[in-house]
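Each chain gets a letter, A, B and C, in the order it is written, and its residues are counted from 1.
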Amino acid sequence: MADRTRGRRIDRRRLLDLLFGRLAALGGIVLVLTILSVFALIIWVIHPLVISPAVLFDDWTGAEFRSMAVEVGAQDVEAQQESYRGQTSDTAEGVERAYSLLPLIFGTLKGALYTLLFAVPLSVLAALYASQFMPRGLRERLKPLVEIMAAVPSVVLGFIGGIWLAPFLENHVIALFLAPLLISGVVAAAFMIRHYAPAWFRPRHRPGMEIWILSAAVLAGGWMAFECGAMLEARYLQDGTRFIDVLGLDFAQRNSIVVGMVMGLAVTPIIFTISEDAMSAVPSSYTAGSLSLGATRWQTAVRIVLPTAGAGILSAVMLGFSKAIGETMIILFVSGNVPAMDWSVFTGFRALSAGIALGLPDAGQGGVLYQVMFFAAFLLLIATFTINTLAELIRRRLRRPLMRRASAPSSL
Amino acid sequence: MATAREPSTPKIVQDLPVIDIQDVSFWYGENAALRNVSMAIDRHGITAYIGPSGCGKTTLLRLMNRMNDLVPQTRMTGSIRMNGKDIYGANVDVTRLRRRVGMVFQQPNPFPKSIYENVAYGPRIHGVKSGEFLDEIVERCLRRAVLWDEVQDQLEESALKLSAGQQQRLCIARAVAVEPEVLLMDEPCSSLDPVATSRIEELMLDLKDDYTIVIVTHNMQQAARVSDFTGFMLEGELVETGVTDVLFTTPRDRRTEDYITGRAG
Amino acid sequence: MRLKWSGDDALVWLSGGTLAVIFLLVAGLVLIIAVHGLGFFWPQDLTRYVLRDGRIILGQEMYHETVRGVDRTGGTTFGYRIRVKTGNQALYPNGHTWFEEGQVVARDAPRRAVVVERTAGGDVFGFLESFVDDGRIVAEGHEAVWSAYRERFPELERLRRQQALSIELSAADGRRYAVPLSDVLRLYGPNAMSAWDRIRHYMAGAWTYLWASPRDGNSRGGVYPAIFGTAVMVVIMAVVVMPFGVLAAFYLREYGRPGPLLGVVRVAVNSLAGVPSIVFGVFGLGFFVYFLGGTLDRVFYQEALPEPTFGRGGILWCALTLALLTLPVVIVAVEEGLAAVPVALREASHAVGATRFETLWRVVLPVVLPSILTGLILSVARAAGTVAPLMIIGVVAFAPELPVDGVWPFVHLEREFMHLGYHIFDTGFRPAGGEAALPMAYTTTLLLLVTVAVLNAAAIGLRTRLRRRYSLSAAQA
């Protein structure tokens, strides 16, 4: 009797074990099915387009495209309403030619490019500083901050970028271009003061104090940029004209500079975190070897750390690029959503993601616009998938030589 | 700015020691790593420091080219002079000091670059730009490290592909390339097999004509084989120093005797 | 030599400067959101401006901007252009006006000036003149009208239905303007308020914001439906995503045998994490709304067709889509927890004859519970802040009904709903109420930002504690 119950108990235990194993596997399979069905559904929706792909990449003329143009924004409600009329008329014959995705693809690339132009130098240099020159304790406290920064919803960044930053920068174009110069100048000056000041003037050196001095210097530089900008405008420009009017360029308030800055801030945590990891993983024996040869800290960082962590940094930049391509809310708010095709930093654009967000709610199920929007999503999916996979492969390649170093061979 | 182009010719005063350590104490935070260490290191000889692990010999070595500057929260008293000048003085350029006091580490640590670039790295950061001159330096230094014959056909290949012994000789070549006066070696053979070890030892004996070598080792036989002077350290103190043969045959201190006869440590 | 060394160190400082730039930019933007968002409830003083051209304007200063001018000698002069919110849209088009600072002859802050918040049509500023009941003047003068209003205030809700009562105000320039009491939400005189009154007013405003419905094209009132909608959607999402996420993590770390399937699942997690949020929206629309929802409609809601029930955007489909989006977040968090469980712990359990499931259930699960919680918090934070996919599957700027209410079956999964993030987008991007809606959009932005930041900080704190606890035991193992 006792034996029988024990036998049954063991059976039940084994069964439970087996069942849970299957359940867990089911979880994994659902995951695989999800990603497969994302691909499958999108391909299924867009397959009719393959027969007439001309719809997607047809030549477009400005006149035709204007029906789809959306200059949406707080200040331009009328144009926006007009554009909605344009978009909803996808049942009408002949509007189809307006669905060219070329400007949207162009816009996506333009946005991502300016984002990287802003974000890559900033975040890679910041990561270099954090990994090589920052006291460990401070760096550990920095990481959660970066993580929270990464979690800031893009709608928040988009809102503040579109509503506050864009009008602000419109009035401070000169200051914007002065800022990098003046900030570098003030930081360098702060360094000189600190380095060459007589000993009694120098405050006690405490690890981590550098970053506070730097922050103060950056603030001072930024403030000077705005003051100088205002002064220059007052001195050389006539009443009411802005610097951008003098340049005679097309200028949209929601332009690529704002996109680069705001979306740059959105991708900075990604690039920063991954490249900081890669740089911190550079074995200290490399840096010690370089320093022992009489290299300075900076020479060591640039000639040893950067190349060694190169693959990691590259993959970080690629992941940032992929995020910039897929980003929607920021683009909606700050890009202006005009399907223009030029590289000017002072004009906006319309990207695939924002095009989908604005176009799909008005597209009826199964219509041409519906299919075109799915095709746009397909492009985004393929692009991000390819880039992410490549980035992952590159990151793995990086690890290999470092791993080999860790287990040093001992044969002759 | 001095470059590798003009061989550095410091005013050599033969009777002055190259490095003169006077009453040096050193702390990591609250832990004393060195206590009142004093010793003079003679020119063109091999000085070895022996002692059990954690006795402070590596710390002492790293004080000589100020590599310990990089460790936060440390404190030092006493002075270390090189050719009569305090290397911890206010106006000392650390990079210049390190160029004159080269270092070879416990684990071979070639950079993840080509063999050529590894040797050329030092001269490059000190301003050598000419390709021909670099080629010349690389060949000379690789020959000096007795590595040239083995690698002359694969200069552009990654240094990480070499064996550990070759990597360590490459590191010596790399250190020699900036023409230092002193070579510090921190247990250079601890990760090598006996054959590779003996080649490094031969190399050291060969190099001592041109360089002053300071070596830290936990291997007493190695110290006995290669060094001219030996210092025995224990728990942060320099217990005994002397000519190697004398120290190993007739140690004056009881603790030294216990250690070299294997009774302690 | 010495110069070169220090020059190199200057470059170190410049690289540190980039770090400072990043953080100062973010801090600056957050500060701007905070200042604008928190200032929304503060009762702003009413200022009376007397202009050179004889105009008298009463209003709240919105901002002033610098304008440059050229004086007679050709030099430049600076001046301010003041933008004032005038309210009274019937008297002043757009409800605001602007003038050069130089035009101002005199300005003061009359203590008797009042603000009337209305249910529709924006605020009215002015001076209380008379209280009218059915064409009959009941009270006249500031004090009398005020007390008449205070008397009736407790029963304002009931009186609101009576059209006969109204308050007559005079604008700064003397023009009369009547506000029916049925339109009045709140009446207050900011200039006469003490600091304590202002704080009370602020609190009341914040309370209304959290618990009331929006009015006036989302420019006034509260965001309660948006908070509620976001919360309900996030709860549904969490209920769906947690079991799948935890199971998948267990499969990846515990049950999966090394082989092609495990590799494929691993690749799937990585790819899923990289899919842009808008693509999830497209998938949600095509799969959940049109395919699943359409099928449900054909099977269960035949009688309602062609009007779709589930075959259009709704809260359930949004929740499911976001569940897919946050699945990798949960998996990564739980996996990290599982990786931290010391091998010795598992081996000990296996050594006494426990099966894998028993080990998992009794030994591993209690240890990874905080990690599961971390995954939950992170996924909730992510879902609360994601807007793009929702825009195309069921979020609306104004939903008349809540997704959960007292009408059977109480939970209405097919309903469209309001969402905090979309509320920001809608008020900021295509404001129906013009710029008047922006102050409230700032407040909503701040609310969302704080919520997400607090959730993330909590998750990070939890994880750090966990790591510290197990780094010790792992070191011993």
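Methods note: a contact is a pair of C-beta atoms (placed from the backbone, for glycine too) under 8 Å apart; a residue touches a chain by one contact, two chains touch by 3 or more.
The structure presented is a predicted model; accordingly, all values stated were derived computationally and were not measured.
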| item | value |
| --- | --- |
| Identity of the chain that, by mean CA position, is farthest from chain C | B |
| Chain closest to the middle [Cα centroid of all protein chains] | A |
| Chain centre separation (chain A, chain B; CA means) in Å | 47 |
| Where chain B and chain C are represented by their mean Cα positions, the distance between them in whole Å | 63 |
| Approximate Å spacing (C-alpha centroids) for the pair chain A, chain C | 23 |
| Sequence positions of chain B contacting 2 or more other chains | 95-96 |
| Contacts with 2+ other chains: residues of chain C | 4-5 |
| Of all residues in chain A, the ones touching two or more other chains | 296, 299 |
| Interfacial residue positions of chain C with respect to chain A in the complex | 4-6, 8-26, 29, 32-33, 36, 65-70, 76, 78, 243-252, 254-256, 261-262, 264-265, 268-272, 274-283, 285-287, 290-291, 324, 327, 331, 355-358, 360, 381-382, 384-388, 391-392, 421-422, 424-425, 428-431, 434-435, 438, 441, 445, 448-449, 452-453, 456-457, 460, 464 |
| List of chain B residues in touch with chain A within their complex | 65, 67, 70, 72, 95-99, 102-103, 105, 107-113, 121-122, 125-126, 158, 160, 163-167, 171, 174-175, 177-178, 191-193, 195-196 |
| Partner chain C, residues of chain A touching it in the complex | 13-14, 16-17, 20-21, 23-32, 34-35, 37-38, 41-42, 45, 72-74, 77, 80, 121-123, 125-126, 128-130, 133-134, 144-145, 147-149, 151-165, 171, 183-184, 187-188, 190-192, 195-196, 210-211, 214-215, 217-219, 222, 230, 233-235, 237-240, 261, 265, 268, 272, 296-299, 301, 322, 325-329, 332-333, 353, 356-357, 360-361, 365, 373-374, 377, 380-381, 384-385, 388-389, 392 |
| Interface residues, chain A side, partner chain B - complex | 135-136, 207, 283, 285-286, 288-296, 299, 303-304, 307-308, 401-402, 404-405, 408-412 |
